[in-house]
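First chain A sits with chain B, and in the next complex the same chain sits with chain C.
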Partner chain A sequence: MTNKSFIIILLFLLATLTSGCRDQRIMEKLGFTHTVAYDLLPNGKTAFTLTLPKADKNSEAHQETLTAVSDSYKDATIIMGRQTHFNLVNGQMRNVLFGTALAKQGLWNHLNALNRDPVVSPLAKITIASGNAGDILKKDYKEHPKPGKYIDLLLDKQAKNFASYRITLFSFSRDYYDDGIDPIAPTIKDNGDTLETFGLALFQDDKYVTKLPPKDTILFAFLTGTFRKGNWNMYLSEKLKKKELVVLNYLNSTKKVQVTHDQTGTPHILYDLTLKGTVVDYTGPLNLSIDAERHELEKKIGDHVRAEAKRMVAHMQKYKADSLGIGKHVRNSMSYSQWKKMNWREEYPKVVFDCKIKVTIMEYGTFR
Partner chain B sequence: MRENLSAFHVTILIFMIQFGVVLFNLSQIEAYYFGMNGWLILFVVFAIVTLNILLIGIVYRLGNGRSIFEIFEEALPSIIRIPLYIFLTSLWGLLGSLLGKQYVLIFQMIAFPTSSTMLIKLLIDLLGFYLVSKGIYTISKASSIFFWLVIWTAILFLFLMKEFEFVRLTPFIFREHKDYLEGFFYVYPAFLGFEFSLLLFPYVNKKSKLIKSTFLGNLLLTIVYLIISIFSFGFFGYHLLKELQFPMIELFACIQLPFIERMENIIYGFFLCTTIITLVFYFWSAKEALSRVFPKVKQNTLGIMIIAITYLISFCAQVLNDVETWLRYLGYLEIGVAVGLPLILIMILLLQRKRGGIIDK
Partner chain C sequence: MLKKNNQPQSISELIQKEKIQEGQLPPTLSYTLQEFEDCSDLTHRSFPQKKVDILYFGNLVDKDQLERDVFQAVIYTNMDTQTALSQSQFIKVVDSKECIHGILAGGAAVFYEEQAYMIEIAAPPSRAITPSQADPVITGPHEGFTEEASTNLSLIRKRLQSSHLKVIKLHVGEITKNDVYVLYIKDIVRMEFVEDMKQRIMDIEMDAVFDTNMLLQLVEDDVASIFPQYLTTERPDAIASKLVAGKVIVLMAGSPTAFCAPSTFFEFFTSSDDYYQRWLIGTSTRLLRFIALIITISFTALYVSITTFHYEMIPESLLLTLSESRSRVPFPPLIEALLMEATIELLREAGAQLPTKIGQTIGIVGGIVIGQAAVQAGLTSKILIIAVASSAIASFVIPSYEMSASLRVLRFGFILIAAIYGNLGLALGLVAVVIHMCGLTSLRSSYLTGIAPLKPKDWKDIFIRAPFSMLRTRPSQSKSTNNVSNKMKR
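Take a look at the complex of A and B:
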């Protein structure tokens, strides 16, 4: 081996080995923030609660919970850093929980701070806690994982079935910035021994204004056109003697939106939807193996969904929260100057909404 | 026998020189300066760059493929020539050095934030020097390999398709735009690099189809830019996009696979490949120009000199914003070179032709 190549190899080895000495990140010394809860205090400050999962065999606890009161999360982590022997890092943050009171006041300042930090993942989930968020994190749900992990798994599973929504820091910010849609976020509620996903929080810009009950989340997903699969149960008739329940599964939907303007300039929105699904349960008088009766049920489902959709949109219009993003379609149907002239927030409640639904029952199970 | 660059290699090389860190904020620039659907400006820039490449084609045709340095040496006295070469050397050397520094500074936003910037830059410059010392053929072959190392990342966008909405693009064109001209001077540098086909004259033959290959390289670049820009507009929406510092990093950060997330940390590393080709080519060109001033000095010594001196100068630009400001001004000069150099050469060649200095084949 020549002298020159020896030196090169030596330098190379030195470079590879010593480069590990800079900027060390030793797992055992790091506290990975998993879930952070923000709550508004009566004095206007914010209470921060965060959970760190622990992989320490010697310790009984599987989670460390820290709290601090401050104005900003970054400042709070410094205070919380004084309470733990871990170095707090935010790269693995999975969930950000906001108490209702804070959400009503507006979230943007806090979210903007998280957005600014390149370490925080844009995929961190945004969730609204019904009541106080910090209390949920401090609780122990005996038969379930630790709260941080519990919420995370629960939301992921529910979102897959469209029983809830997966709203991330990124998607919330995007809808906040877009002038034709308002953000939403899933809500969770403490039931004592369990947690429960509890519908959707609807925002006006970054302020929580109203919510949708859990039974409406699938309808909401259907209207946004993102709905793929899940169980959708509808009471077609709730009269005591003739209760008619139908449960649809494995759904497939498409959506087209048409916008027209009447003489006064008020936008008319027509959602043209198709819905294909399997009936897994039906407690009514119709016999599904007879084509005519099945088509009658299809029509009944269509009418029911249409009425429900109109009710839901009317509710959103009442609170001036354009959570479906109707504004995006209205905007795209007008010229730029017309759109800018229109005050969408004020115009939105006046919009005439309707939908046209074509339901197809693909199959109805193994029994005729 | 002298080796010649193949047409494919020239295409990839030109693409890789043009393609660089600017990709990471290109769509933000489009949104900020050109407003809604700002990506449409790429068509305009593409057309202008094509004209610029045609200018280079005229030089190639008129000069019968002679090196531009030879053309200068026949026509200009050394009192004009040498300052011109020194100017080109400093411009290209500094651009190469600062592009490297920009890459490192962005890299440090996501990894190794407390390490010394200049130490990491030193490593990149060393890599660059090794490649420069191997000459143009090795650089072009390396760039073909690096091309594949980078281009596969495009597949990752498929994972984000479900978040893309055409509705978000809006039907409005260039609404809420800022100063067009200023924006143009931000977007045009993203295409710079094609002008280096001027320096490739001695290394190609007829089969290389230099001008066609340069055009194809630029076309490929435009297509890649278009896909990324349209995607960014439909993914983030115009209003969020103009607020983002580096939309591309954000895009990669939004990819989540069952076994991995926070992909941006890895992916950004792959973009070293394109950055290094860009900066190596700037260094190589600087060295080519300088070797005409000092023909007797060994090529590698010149390479080390250029990289070392520009390394020292790059100490002055400490933070990302400084580096970007420097790059902007140097970019203006480089635009001047990209347009001016071919024009001067065409004038010289036409004058020579008038005097009958060159006999047409």
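Take a look at the complex of A and C:
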């Protein structure tokens, strides 16, 4: 045996024998944390609720729920570890639920702890529970034996149709650190026997300040320019006798943003948007087969969306939550030193917002 | 070695000694008979009235030819014996060694007065040409080589009717004296390869070499490597194509296998069928074999590493079934996997040793009884059965039996390292194997030619089987002096 191969074999044996089997995580001995809920308690501590999906066929229970009260999640897992024969691991964490009270106080400490753990996937979802998050997770839904998984699948499906948003640990942290945008998160609500997605929670940095109702999520997606496909229903007129509802589907949108500054330095934002879609339902007086009348509907939709958008932005400005990322456009329109000099949080409510919308109805039915 | 306790020297040494002693011995009847003492299968016909003695092995000669060319021509003729023996079929021998070899090779020796003549009338037992068992194809010729070298050479000559096809005859085995044929096409092959191979075969000093598969181990570059370094085949059409590709072919009397040198790793994943099918079909089959390569080495190892270390890697729904299935197994994943792999290897070996009819029973016992029962008894998980079975099946997809056997052994190494270091270990193991292969040579040319050294031009006949209009040059490993193989206008 040559000297070199002797050294290689020696190194291999050393690495093998000295490392032992300490780092093993044998599958059936693990409890995979699926969903964690964080709630603020009146005494300032945090209550942690955690679900583990169960693999045992013979057992009635589909999941195991553990709770602990502590200041940090890591400490809580030690307390919860006393209650189960599984080793708790975080590598399969899918969803983190925060109660409203805790969200109002700020989430960053907890999120930072999750970010620091290399095992927690950056793709774990961040969700705000309307009310108490732990209760939502602990509750026994008749049709849905695994609430954690139920929430996960519900959010995924809703996000695909832009009825909700898929906010991950990564995207939340990115928006938190980025200049000129504030994070958002989807909200869920206990609805008795079921759960439902309930609009978006808007943050100012890491603090929950206000929310958007479910009907505004599509409009929000439209203004961020990420909107691709989904059902969008609008009441063009709410008057009892002449109720006019239009439902658009298979939408396609583009976005351009112009930023100008007036003499006082206040930024003016103009969103230039196009919207193409097919009408699947319309209950108004206009005859869509006639070009002129169809164009009239297009204009009506445009005016409606413009008014709604202005209302929504005004609402955000009121709570100083720049969830749309208008600040990013403003930042890109000026030099970095100017941006640094500007206190965006104070400037934001003064911004003049307007939008220009071109609507095209591509299809409206089978019969003419 | 045929060494006995009371014998001070080995037989090969004795023969060596005799060679020096009897260098110039004239062939005599008495000496020859003494040499063949106790060989009861030797036939000795004596014709005192003609002063002629004839020696031959009755089992090795053609009876009709013996009757016609020897007895009719010399004994039952009115011709003077001396004149009769001057006919062209008789060759006069002057060396007794030559005479003995002639008789052993199936000739008859005619002793007349003090002279000896040889006549070549060999008809050793041989079987008919049958389809090759080792390399079957669906389309294309079904002929396979037999144990008879002359038949094999005729099968190759039939396909390559060119005077450029050269056949060098050599001998191996100090006792067995088997004929070895080195084939090449002049002006296509690089002569260094031929000289190298010739030299390696001539350097063999062993009492007995029985088969080509044995011979090729004696002329390999790296005996310690797990990978076979020469591609073997039993198909004359494959051999003809390797000759045209500028490779050296070695055939051996008594063996239905031929091997070609130099070979690359990738050649072991090709089959004649790839060329007989249309190119898209050929390409997809070839890609399938490389996928099979990955599955064979990695599936069970990946199972072990995931269940031992990397629970993060699998989707949630699979995770639950897997851990449910694992929860009833009393062993750690490594032991579980080794147990199943060993069972599969036992089944395979049992199937290989048994005749076909009983072999089917093994399939039933193995597949149904063991597979099903092992899961129900809680000895293994279902997913492991799937992993082990699919990697075993994948190993049989690889056309070369030698390569598939090597990979199956290599797999155990991967399973062990996966159990120790997880995916990191798998990656390290793969790196180690690739480093080893990069250093490996086949007849002093790189085993990974195409990848290292990088020859993108070769890829169209390595990873895919491009249409023939694109396969215009010989593989670069052959370093052919005449590189263009297709001059057709596109």
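Descriptive notes on the structure:
Convention: the second predicted complex is superposed on the first by the 345 of 368 C-alpha atoms of A that agree within 3 Å, B and C clash if a C-alpha of one lies under 4 Å from a C-alpha of the other, contacts with A are read in each partner's own complex, and residues count from 1 in each chain.
To be clear about the criterion, a contact is a pair of C-beta atoms (placed from the backbone, for glycine too) under 8 Å apart; a residue touches a chain by one contact, two chains touch by 3 or more.
From a predicted model like this one, the values you see are computed outputs, not experimental measurements.
Contacts of A:Asp23 after superposition: both chain B and chain C are touched.
In the superposed pair of complexes, A:Arg331 makes contact with chain B only, with no contact to chain C. Once the two complexes are laid over each other on the shared chain, residue contacts for A:Gly302 go to neither chain B nor chain C. Residue contacts after overlaying the shared chain place A:Gly277 against neither chain B nor chain C. In the superposed pair of complexes, A:Phe32 makes contact with chain C only, with no contact to chain B. Legend: residue contacts after superposition of the two complexes on their common chain; A:Leu123 is shown touching chain B, with no touch to chain C.
Of the two partner chains placed by the overlay, neither chain B nor chain C lies in contact with A:Pro214. Residue contacts after overlaying the shared chain place A:Tyr177 against chain B, while chain C stays out of touching range. By the touch criterion stated above, A:Gly230 is placed in contact with neither chain B nor chain C. Comparing the two interfaces of chain A, the one with chain B and the one with chain C have residues 23, 91, 121 in common.
The residues of chain A lying in touch with chain B in their complex are 15, 22-23, 91, 118, 121-123, 168, 170-171, 173-174, 177-179, 226, 325, 328-329, 331-332, 336. In the complex of the two chains, the chain B residues touching chain A come out as 36, 109-110, 112-115, 123, 162-163, 167-168, 170-172, 175, 236-237, 239-240, 243, 249-250, 253-254, 256, 261-262. Taken in their complex, chain A has these residues touching chain C: 16, 19, 23-28, 30, 32, 34, 53, 55-57, 89, 91-92, 94, 119, 121, 149.
Chain contact summary for the complex, chain C toward chain A: residues 306-312, 316, 319-324, 326-327, 329, 332-333, 420.
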